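For reference, the structure is listed below as structure tokens.
We just call them A, B, C and D in the order they show up, numbering each chain from 1.
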Amino acid sequence: MSYLPVDPARPEPVRVGLIGAGWMGAFHARSLASTIPGAVLAAIADPALEPAVSLAAELGVPQVTADPADLFADPAIDAVVIAGPIRFHAALSAAAARAGKHVFCEKPGATTLEELSEVEAAVAEAGVHWQIGFNRRYAADFLAARRDLAAGAVGTPQLLRSLTRDPGTGSIPHAARVPQWTMFLETLIHDFDALNWMNPGAEPVSVHVLADALVEPDLRDAGFIDTAVATIRYSNGAMAVAEASFSALYGYDVRGETFGSRGMVQAGRPTETAARTYGPEGLSARTPRLNIELFADAYRDELADFAAHAAARRDGAPAPDHGVPLTPGLADARRALAMARACIESVQTGLPASVAGSVVSGAGEAHDGAAAVAR
Amino acid sequence: MSYLPVDPARPEPVRVGLIGAGWMGAFHARSLASTIPGAVLAAIADPALEPAVSLAAELGVPQVTADPADLFADPAIDAVVIAGPIRFHAALSAAAARAGKHVFCEKPGATTLEELSEVEAAVAEAGVHWQIGFNRRYAADFLAARRDLAAGAVGTPQLLRSLTRDPGTGSIPHAARVPQWTMFLETLIHDFDALNWMNPGAEPVSVHVLADALVEPDLRDAGFIDTAVATIRYSNGAMAVAEASFSALYGYDVRGETFGSRGMVQAGRPTETAARTYGPEGLSARTPRLNIELFADAYRDELADFAAHAAARRDGAPAPDHGVPLTPGLADARRALAMARACIESVQTGLPASVAGSVVSGAGEAHDGAAAVAR
Amino acid sequence: MSYLPVDPARPEPVRVGLIGAGWMGAFHARSLASTIPGAVLAAIADPALEPAVSLAAELGVPQVTADPADLFADPAIDAVVIAGPIRFHAALSAAAARAGKHVFCEKPGATTLEELSEVEAAVAEAGVHWQIGFNRRYAADFLAARRDLAAGAVGTPQLLRSLTRDPGTGSIPHAARVPQWTMFLETLIHDFDALNWMNPGAEPVSVHVLADALVEPDLRDAGFIDTAVATIRYSNGAMAVAEASFSALYGYDVRGETFGSRGMVQAGRPTETAARTYGPEGLSARTPRLNIELFADAYRDELADFAAHAAARRDGAPAPDHGVPLTPGLADARRALAMARACIESVQTGLPASVAGSVVSGAGEAHDGAAAVAR
Amino acid sequence: MSYLPVDPARPEPVRVGLIGAGWMGAFHARSLASTIPGAVLAAIADPALEPAVSLAAELGVPQVTADPADLFADPAIDAVVIAGPIRFHAALSAAAARAGKHVFCEKPGATTLEELSEVEAAVAEAGVHWQIGFNRRYAADFLAARRDLAAGAVGTPQLLRSLTRDPGTGSIPHAARVPQWTMFLETLIHDFDALNWMNPGAEPVSVHVLADALVEPDLRDAGFIDTAVATIRYSNGAMAVAEASFSALYGYDVRGETFGSRGMVQAGRPTETAARTYGPEGLSARTPRLNIELFADAYRDELADFAAHAAARRDGAPAPDHGVPLTPGLADARRALAMARACIESVQTGLPASVAGSVVSGAGEAHDGAAAVAR
């Protein structure tokens, strides 16, 4: 007896180029290189060549470049993951799309709605798959809540809440160098998407924001914001609260709650594991400390979904179907970005602000109720 | 051998008259008649004599009257519990105080700050004990959270949340007869007090409100409100959210959360008991259905505290000391009422509103930080 | 206007005499004196007169005696609560019954089955109400679990667990003076009753015990037991585990679990309240520390149920109906005691032991399945 | 600009051959083929060639054979994963070891201690890494509990519990074909290892078992067992309970609890995710349904650990260090198997049985306390 040779029956893996090998990019690289079925990390582009090379060596990635254009020009690359500074997101997305690459872009899709329009145009013309890193949707508990919502557990949403608290120590490293509107463009944008996703068919209409530098009060006069609460009014009457802090001493805290005419669903994992310890002081349990721990599976699953979408688009196969709307695309990127921009306006005026441009004009995506908000 | 007679060593029970024997009044009556050590329910006043008499008979209360003035005139009565319609609260409180009776008044203390000033004057002149029915403070979990906060678990409060969801069926009985501002004067006022209590030393500065008739949309044009979210800015920079709905199909839901520079405390009991059931559909557990179930002990404990305070005042004994600020009095009633009034203004204008009169003028109770709010 | 006099419509309170004013007796006395509707604590009997008098003074109880016979002889006494040392339980119960008093007896009902037979005879002849202090049944979570079981949530019980861990410090005060079989007669007897109650219609058939002095190993040679695990086989095939320790550093831990052909119910409250605290170390919450805290309501409710039963018996009214079997009586006392005695035998032999005498002979209470145990 | 080529800096992946492509083997195959960094699934051996070929095709595994000897003879294979019927485990392990392959063997390591001795001899002589599939150790909550135990949270273990309930429907498919002692050799053996792991340094001394066919009573006379409770006495005095059922309607339920002189740790995940749903019936949440769902990460992590150990052994690198004892080897396999064998004896006699051969003779692994068990 000896081996019977076997022809593979699975599709070719998607060959991915990574743009930006910083903290988040390196995390994605590790996922792509080892735990994402259907993807191969083929090349890394980062102007900081030295760390990029050592990451590539560690992961067995055979080639590195300082210039993302090399990836765009490489016919062996199917898709790119964009994880660089947010000010380059839109231009890189558009260029990648124009080169025919499928795009996974970390949030936000752009820093302004105008920039995002350019991405939309390039993607539409190229017909590529474009996906944004709203990873929270892929967290098992958030997805379970969304499925229950789809099954009618909430009825019509009336009151929603989403919060993000980043782990901290009571002071924010390099706070003075954090861009002023990071709170809205990079942190609360996750909450905005989570709220939109949990309130399907409704459009955000207006926002009102409280924001301050409570962790780093010395930076208040410089306009720095580390703590914020935004209230959002939706076209279906629903009211939402998005809340964030840059410094929770107990770790990384992300939760969501949707209440409506039939009931409530909640997501958010208060402890790192189900383990519990009881001692003289009572009950204790460890809390999640890092986003890449709490959402380890979610980060992996969003990339696996991206790879599946890219492969399907490449091979002319049907796109993955998750039973509920899941894969976040350009319309989701726009809706959340429009809310972030309105929040910035509300901070500047101290007044409620209308959400403009949440639906791309002429796209026909506007929901019927969008015009008819209550008060 | 036979009995040794024993002289009692405990103080005379406080003799209480109840004003208003409706749903809440009858509940208090049952507590006073049976499970409050140190109190005796001596008489009931209610214009609806028939139900009052049958309640009195059931509880062994020997006398009933249609007119609260009879209680005020009765020298055998030490104290009154006011549980009638809110428009009479202030006048009854003031009259009781002028008659030298200690007063437990259901919330709100008055419907306007002007009315409340009259109560303050009467109470100050008479030197009686005056207490308001902010029962949430007495709930075991809220009190435990408050003690942890006092022990430093939160540090400086930065983000607070309080919510109330009344049990419902998806429609509100007699909604058309519910007074327009009930949401703020009777429901959210509990949340306002809870937030103030969890943010000691800070004053509410401004509010912004989203409010609507989402449960009973046909009453929207009549100005009815059954769903609301209020954001509150405090003098110490803290941001708070108070949220309420008149109709939660899963029961009575009350929660509080205070996050700050050192950590977070949470209160709120998601299930009726610790029992859990597992079946083919998964895990299930019953939820609390009624305020008088969820807060059964809290309602009893606030009256026991009242009786202890009244007895101490009557007997010249020291007031009970709970280790943390607990017994809610006139300053607390004023602070919460001022927030409710500001919320009403915010609804009317659609804009943020300043909280005026949260501290009685000249009372010297204003905290140092009250003037210096961030933005 | 002036008072309308009201005739009381409620039954005369039950006049209770307390026998034994030690730690548990004093706790019951405080309940009876203040928070049990329908009961009046009329007299206290305890050979230690001084503390009994000061307790009586504190609670307003007008008379005290060293001799319980004074209570039995007093026609004004309707009922007694027996809370003295367990070696006197049976004789006091029998004497009280013969004097026509309704009896609430702390567990165990007797220390041997023979003694319990005497109580049974006296109670049967006198026709009084006799109830045992299996308070766990009245805990809200245990009762909720029992109701779910009655509603079919478990199906046929197959695997049961009950545990008791007393709060401790790692060493047991006065351990050398604790009677040898206290573990079974006073502690695990609660678990035996809880298991029987959760496995209705089945009889305990055999037991096997592991027992040791793990907390106080120096007392092992003296036969002291502070840690034990008993497995019990029931007539319906169900297998149960009862487990206890005299020293849990994290407080008082009581839990129950019943698993069967349809699902599982669980009872047991892991934390003192629903409050949660999050800090640099993670999540923490206080644990219950004392039986009279964890079961405060249960202790009160069992006495209220006793008072209601005694009043009903006295007044010829129907007994309270709780919807599920609740009030524990002589058959329950016997079943649990028979298990404790079998456990003692198992410890002595190191082998499984049959449970003898769990059903009073000729009482016709044996369930159909009792004879047909599996193996 | 163009690509910079990068030399890989990571070790060659471990080339794994899978023996047995049934349900569990196929699951391991999928892990090895896609999500285990450092491993490559190089070949599959299974006498049922057709499903093995189609699995290989799906996963891109290039070769298949009916005969495991082909794997042993293949110099390109570093290691094997044994997932066939348990009666072949020992012989396959020994043959693989003799061929110089590192071995991951599903539990049990053998069906008798004698068989296991042969494996021990072969492994010792070949110097290969041998690991057993006690995956529970790798579950995040179990590992967290074990770390807390190592840090002193429990003190000296006194009372332990481990349980396994397999998901079911109330009847067991093909029950008549399930081997008689499956309960102990395949199910409770997980619990035995979990208990041993949580009671480090102690040896199991004796067991007593209750066992029955409660789910399939018609098979009782054939000796089938679907429900069992085993009590275990350890050399350090600790008492443990292991409990299992083959049919839980609410899904897959695995829990562990270790109580001792300083406190308690618990593991076990009651719900599938942290999501919670509230509706008219109260709170609900989905429960885990399958072992490969509940322990998805644990199954992956045990294989990743195996690959890391095998690579280290192959490359002369230091073995992975997990901070606490984790990777289960031959001594662990023996200890758990000895308990399973003693349980079978206890079922046969109805009496307690001594645990013989839990430590390999002459191995010097016996702990000091092993000889001195209490009673």
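Here, a contact is a pair of C-beta atoms (placed from the backbone, for glycine too) under 8 Å apart; a residue touches a chain by one contact, two chains touch by 3 or more.
Model, not experiment: these values are computed from the prediction.
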item: Interface sides of subunit B and subunit D: same vs different residues, half threshold; value: same
item: Contact-richer chain pair (by C-beta pairs counted) among C-D and A-D; value: A-D
item: Inter-chain centre distance, subunit B versus subunit D - centres from mean C-alpha coordinates, in Å; value: 56
item: Cα-centroid distance, subunit C relative to subunit D, in whole angstrom; value: 42
item: Geometric centre distance via CA averages, subunit D-subunit A, whole Å; value: 37
item: Touching two or more other chains - residues of subunit C; value: 248-250, 253, 262-264, 270, 272, 276, 278-280, 286
item: Residues of subunit C touching subunit B in the complex; value: 1-10, 33-35, 37-38, 43, 49, 53-54, 56-67, 69-70, 74, 140-145, 148, 153, 262-270, 272-280, 286, 297
item: Parts of subunit D lying in touch with subunit C, wherever the complex brings them together; value: 155-156, 158-159, 161, 165, 170, 208, 210, 212, 214-215, 217, 220, 227-229, 231, 233, 237-239, 241, 243, 245, 247-250, 253, 259, 261-264, 350-352, 374-375
item: Contact set on subunit C toward subunit A in their complex; value: 248-251, 253, 270-272, 276, 278-287
